[in-house]
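All chains are identified by letter, namely A, B, C and D, in their written order; residue positions are counted from 1 within each chain.
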């Protein structure tokens, strides 16, 4: 089994991306109004940081659950994983763009929010592709039984819906779109039965071999 | 046992956060006064770098001691760990904000210092939550005996106190608040019996299983 | 066998470099024209991000295939690997420089594109040197047979050609040069028989020892 | 044995620091003179990048050789290692400061060069402290024999000398100081018997236990 480097590289990218999120946090420094005012004025930055942090964290937890059950790493898996990382790496950019434009009036805030939700949708699609890869015979230590497979696939499709909705809503009320994405993140943190997660479909304990 | 990726991801975030601290170090470049003057004038940057570096380092050492004794990683632990990382990732931002405002007169330096101490307090709370998780039966290789548990809990509460004091003091004398946080860091580096650490409560050597 | 840290350090550098690529993505913020216009105007940024991301990803996949078969790490290998990383680390700089200048008229776009292609050529040379190191008796678990060796060497030389061509073409039509580099990346993603890769020359499964 | 996380965290910090070096590379963008001129004018950036990259790489190779022979990680070792990382993390800052001021006339270039050499000297001292820690009975798998110990200690002291000289020379001719540091880096890359390295003092192969 050769999952080690796949996990190490992925963990590295997740770790850097989640930490770079905070690079977007900044205040203009002395001479640009009181610090308290600046911190209050930049609230979208902090909300955006929190939501993006949680979402990256959740995807990492789910990636963890998915990959630990994989029996054999092949070239296709490596590239599907890169496809996922392509969107993970975009999150700090999408977050800072969204945070700068959220409080702007008019069309700009719509576009910024749609880009933000779009990056998350891209990540969800890539994660679904990774999940799809695992379904073929012999790729998991403990194959997912047919009925669990159908249920998991259903949940996966369901996991894409909120982001698609968020993209659409972004063009009307960006704040509602952001609230939706935040609600999805909180839901996955506090739910024990994560719809988006593979945790149940994929048995928690790989065989001791 | 499946602590590997938890540790790898956590180490990655700590490593990036501790290295990004130095991104806040900068001088204005040629044409903004002599370099020696600039380096001297920016002393809060360097003091802040040192204190934040040591504090992240100490938390990493303690995390190391805590996690190596964990017998089984579950979803709750993963999210408690993310809660800790949420504050770790904020440290470079809090450090640079504090360093820019520390020498400012008036209220701004108070707010900046309170934010800095507040991030450390958040980290201490999150670390306490991680510690609390380990106390339940069967989660550690070698359970912490009841008396050591009480002592460790006491030390943990004690570990929160200096940061709470630092937050309060920040609104009166920010420099004293910074000195207090620095003293806490030095104390933990040179003490062999770290109050905040789990090193004693949690046996150093996990069973060879 | 002691490949662990070589892989860990390399994975770390690749992970940071690939994530820093997205730091170059940015918009000027509110007050600099509509966001949609800015995103459209900065298209070279996004194309450059995609191509550099894919190329780093491919090199990582190939590095993975090469190193997992290595039987013994020596000091020369460590420095050859550093030589590879020297170019990997330059990619974010080369990417952002190329993206800023690509749409400029005249000579600047030629120089920027040549620097970009040059960094990739440097990476290809360093990877060839790593491959060359593996050819000596006893350095791989499963030595590459003589005929596969010749074929692999041929493919390696072939892998250098597109970047050399891209450097030359940069001085005439930078956009064609960029298209060529992008085509190479896409070719390696979708081909199962990667010319640049060692995947075939180096047996996929190291002996179970 | 529990070296795993020490190595993982250290590798992470080295990987981030070595990659951040290239963040200092930048050109002013379109409208600030021809790109070719800018690249030529910023030559100190590129030389500084190369020297700092090599030096971090060498320290990583030596850290690798030292730590793999360590039998037992204790709290003192963890903090000595943090002390080393404190300087490693400062290298990107010292490099960019040095590169900006090297071509300036007068005292500023002296100070900048002295800071650069000083960070390397700090790193050399910290590495010597790590080496000193390994000398006590029972800390290495294969203890260093007394005669090799004396030789290694001599080489270590010798390894500090060039940086001390570079600090002094910085106050007269910064370029010579930079040349000296570069020569040290090249020396260690091409020498098989690195004076600064522990490679010989510490047996290459840890016992198979």
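Annotations
In this section, contacts are C-beta pairs under 8 Å (C-beta built on N, C-alpha and C of every residue); 3 or more make two chains touch, one makes a residue touch a chain.
A quick note: this is a predicted structure, and the numbers were derived from the prediction, not measured.
At the interface between chain B and chain D, under half of the residue numbers appear on both sides, which makes the contact a different-residue one. The chain with its Cα centroid farthest from the Cα centroid of chain C is B. After Cα superposition, the angle needed to carry chain A onto chain B is 90 degrees, rounded to a multiple of 5. With centres set at the average Cα position, the gap from chain B to chain D is 26 Å.
Chain A and chain D have Cα centroids lying 37 Å from one another.
Multi-chain contact residues, meaning those touching two or more other chains, occur in chain A at positions 8, 11-12, 15-16, 20, 23.
Interface residues of chain B, counted against chain A in their complex, comprise 2, 4-5, 8-9, 11-13, 15-17, 20, 23, 75, 78-79, 82, 85-86, 89-90, 92-93, 96-97, 100-101, 104, 107-108, 111-112, 115. Within the complex formed with chain C, the chain D residues making contact are 7-8, 11-12, 14-16, 18-23, 25-27, 29-30, 34-36, 39, 50, 53-54, 57, 60-61, 64, 68, 189, 192, 199.
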